[in-house]
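Below are two complexes that have chain A in common, paired first with chain B and then with chain C.
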Partner chain A sequence: MRYRAWIGISLVAGVLLVLPPLTGFHPYYLYLVSTALLFGTVATSWNLLAYAGQISFGHAAFFGLGGYGAALASLAGLSPWLAIALGGGIGAVGAAGIGLASARLRGAYLALATLAYAEIWRGIAHNWTAVSGGGAGLIGIPPLPTLAWLPLDFTRGRAGSYYLSVAFLLVAIAVFAGVLHSRLGLAFAAVREEEERAGLLGVHPLPWKILAFALSGFFSALAGGLYVHMVRVVEPDLIFSRYFSILPLVMATFGGLHTLLGPAMAALGLYLVSELLLHPYVPAFHQLPYALALIVVVLYLPGGLATLLPSPRPSPQRGEGTQHGAT
Partner chain B sequence: MSLNTLAQALVSGALLGCFYTLMALSFSMILGVTRGLNLAHGDLIILGGYLGYWLWSGSGLHPLFLVPVAAAALLPLALVWHWLFHRLPEPRELSSLVLTFGLSLLLQNIMLALWRGEYRLIASESLTGSLGLGGLRLNQGRLIVAAAALLVVGGLFLGLTRTRWGRAVRATSLDRDAAALLGINVDAATRTTFLLAFCLCGATGVLFATLHYLYPAGGIELTLLAIVLTIWAGVGRLRSVLAAGILLGVIEALTLAWSGPRWRELVVALMLLGSLLARSGGLARGWSH
Partner chain C sequence: MTRALLEVEGVEAGYDDVRVLHACSLEVRAGEFVALVGPNGAGKSTLLKTITGLLPVSAGAIRLDGERIDGLPPYAIAARGVALIPEGRRLFAPLTVRENLELGAFLPRAHGQEEETLRLIFRLFPVLQEKALAPAGVLSGGEQQMLALARGLMARPRLLCLDDPFLGLARLVTNRFCQAIREITAEGMTILAAGQHVRRLLRLAHRAYLLEEGHVVLSGPGTGLLQDERLRRSLIELIPGGVDQPTG
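Entry: the complex of A and B
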């Protein structure tokens, strides 16, 4: 299973790397696939948090914090590369903050708290006009600079952000794979499955929860920072939109919770089907696949979302071994 | 802020609170009988509002006549929701949130397709006058909405406490299995609760559209308000819901008077997060009648 996963990753990564020259660096397709890859990054980071048993309805908060942080830093004259990294840090801090505040909340109530958290940031961005530009947002965000030591075609226009989004997704997947195969992953799984018992055995849940939030927030915010450098504007209703909370949740649950590659695959599949097949023909209903995917997963997925929460009794299918495979 | 402004804010807040009570009741009823949180609640209300607007702009009837029409129009959706909620896997609270998050997205897209995201208001002339009352000026539309909301809440209170159906619904929300063992048809009680709750959503929507501009993404705020009220009042406590609704209405009116409408959404979200953190045991703690 693990070998097949790595072969799969290498194949997909290879295809992604040669895609821009194959499409003749077509700006629209590059933009589309980059966005899908960013959603894949956010979905993977959502899944990392879910692996520690924390279901978020508010990843838009982390995505948006990264977006605003990176946009403000870039506009202040920082290099976009550093600005995006700084945005990632801001997202990590913001995520750790809600993780700490809601330490006592579980399941549905944590989900509601994160939903409220994203709405709070949207409200702040609307009202803190001096910094965020208010409802009109910020414009004039610079694009990613070209790199002199690489062929110009590969770094200019949409191609540069495309390759950076490929890199973000691969790094997010690699970090999640690292977590799964380390003591960290065991700690996360322990917090997810039996929070109280883990505490008794010396795994104090709170630091691990906060770490999971910070890691997840970091990657979502990196994606947000890159996103604002692609679209080059940032507005509260765009970047803190519930869209960025729902889609990662749909993609990760549809692709397979706690699996390494499922969320990223589902992100690419669902987003591209929605944008390429449905948007041109039935624009009003191009988000239909997300809603349908969610309904199918909730109602017909074996075990449903129960795998997310501490179960009343241990079940053999949920040993460590089965969770490491791809899709 | 002068004393008169304060009194004005308190009175209009209380009137708004009656409306909030109506809005939260349907959410709380569904939570009671199914243990499911309906995140699409606000979107259903907005849908009812858009239906009301559409009928009003087409027919020119008095908005109050359209309340029952919009209420009836949501009945088919009640059956869909009931079918879906019936099949929810455990943990029900979380899976209902995930499911209705998707349904909320779906409803928003449908409304965006049908009404193209324009702001709409049922600006009927019959509702715009204002009455003077000892120095206070009361908007006639708000008075009518508050009266209609109180009427429905009162009717619901009688229905839930004085009829066989109400006893069945209350027993089902207290303990579904025990109620079934005692021979109560819990499925029928659940289905009728959904039908009634969706009627209330449709009716609430038309009333809402006479007070506030509608836009397809506006539902989330109403859902958050309904959840805040349910946390404050506990599930199924009708009088507490009324008290909490009026308190919330007054808080909102004071926020508006102090700092203007821009802060409204932020205050709602802060209240939700604060209430959740303060009541970290969850909604189930307030489960009684």
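Entry: the complex of A and C
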């Protein structure tokens, strides 16, 4: 019964995701929905890292590395498709790097280290003018090319980037679902709950942590790479801004920490409410939903929106019942 | 005489600047149940943590099957087949009973034997099968201790280290536990158990060591040690209720 409901919901969601470009959406709205989907991808990848117990305040670093990597590759003449993939790889490497460097940090210290990491990259992008274009950034990034075998206008309509952003989100969710149902998920959960205990069971925490960082960084960087091909400029203060670090965190916790779909749902909801409903009428307050969402989660909904829905599996609640070592 | 599975030779260890173990030596042969008893602060838990790599060794050697394991990180020692059931259980509370057990079998050495080990575990502790899908955090204290022991067994260890396995358990649950441990030992598991329930441990044990202030001061067969004057002096006078009353 419940499975039927989920299949039904998935079908409706699938149709809703496929339709917009075909129904003559205004390119601007298509761009907004694409951006919301990219935020969904980053929030999902943030959540994957959080599943392994690593709370990041610096996903802008991965998003921005993917953006700059893809932009530079595209400007150097590489096909934008390959450039975005390459950006993903660069983001994965950059994320593994901070994972390794902060291997001994947790909680607030890890949060500060990741926050600083994004700021470091912003500083580098500002100052390494020869490569990054400095504060002015890079312009003239080519759009995604048309595909001759697809009867869609990929150049001016934004259908191509829209469908690609749908694909990125779905793949990120599928990978996270795979993680949840595999030994990888068990290892991540063990590292999250208690590293020492995980070690005693033979789970060496470091490689799993770095793998979580790399996976999370990869998807965030893919989103960053596609984003710069949509807006076609990249500048340090835009792409390495705390906006891209904090929003995924707010979206993921509002949607439901460690849940499969919560972060993506929250990203779509919050971003679209902010941009479609508030921005045109009360521009000064258009970021209000994020603040309200955070307040609601902290005060009333510690498990996020996902706790309001029937879910196939109860979301993990922290720290109930077991005694911890009295040493 | 069979060669020792675990040899601890003149080990010194402790926490930062505080030496807890001084030239501590003991051995555990394959298939044995060895008890480690002693008053509070004697270094029982410290010794188990040192063997499993949670604490560094500053002098001496620890060998598993003749191979040095001192200085290795915990995950590497676990991979060689040493499992520790720590004091206070330390389960993964939000994960289900089943997931906790699966994590126990994470090591490659345990692969392919999960089903067989699970059958043994569910025979010993049927309640774990009934509650397989419940989060470990909602189990009762006794059930959590069963799960902790079961998770250790899932790794198919060559040496199972138990730290205060009866801590905080009701008498009836403790009886169940002793029965389970007897069955596991009968299946050939090698166990090194430390704890404060002296009489119970010594009755289960093939051999036992009495630890005092970081030294092994006495060793011998479990039931023999129970009669020893030195043990009585060391423990009984300290514990008003007699040797089988826990103090912790």
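The rule we apply is simple: the second predicted complex is superposed on the first by the 281 of 327 C-alpha atoms of A that agree within 3 Å, B and C clash if a C-alpha of one lies under 4 Å from a C-alpha of the other, contacts with A are read in each partner's own complex, and residues count from 1 in each chain.
Basically, a contact is a pair of C-beta atoms (placed from the backbone, for glycine too) under 8 Å apart; a residue touches a chain by one contact, two chains touch by 3 or more.
No experiment lies behind these values; they were computed from the predicted model shown.
A.B. asks: Which holds for A:183: it touches chain B only (first), chain C only (second), both, or neither?
C.D. replies: second
A.B. asks: Between chain B (first) and chain C (second), which does A:202 come into contact with in this model arrangement: first, second, both, or neither?
C.D. replies: So A:202 only meets chain C here.
A.B. asks: Which partner does A:291 reach: the first (chain B), the second (chain C), both, or neither?
C.D. replies: Only chain B is touched by A:291; chain C is not.
A.B. asks: Once the structures are superposed on A, label A:194 by its partner contacts, choosing first (chain B), second (chain C), both or neither.
C.D. replies: A:194: touches chain C, not chain B.
A.B. asks: Have a look at where A:126 lands relative to chain B and chain C in the superposition and call it first, second, both or neither.
C.D. replies: A:126 sits against chain B, while chain C stays out of touch.
A.B. asks: One more residue to check, A:116. First (chain B), second (chain C), both or neither?
C.D. replies: first
A.B. asks: Name the chain, either chain B or chain C, that contacts more residues of chain A.
C.D. replies: B
A.B. asks: So in the complex, the part of chain C that touches chain A is made up of which residues?
C.D. replies: Residues 45, 52-54, 73-76, 78-79, 83-84, 86-95, 99, 102-104, 106-107, 135-139, 141, 144, 151, 155.
A.B. asks: Inside the complex, what are the residues of chain A that reach chain C?
C.D. replies: 183, 186-187, 189-190, 193-194, 196-205, 314, 316-327
A.B. asks: Going by the contact rule at the top, pick out the chain A residues touching chain B in the complex.
C.D. replies: 55, 57, 101-102, 104-109, 111-113, 115-117, 119-120, 122-124, 126-127, 237, 242, 246, 249-250, 253, 284-285, 287-288, 290-295, 297-299, 303-306, 308-309
A.B. asks: List the residues on chain B that touch chain A in their complex, please.
C.D. replies: 37, 84, 87-91, 93-99, 101-103, 105-106, 109-110, 112-113, 217, 220, 224, 227, 262-263, 265-270, 272-273, 276-277, 280, 282-283
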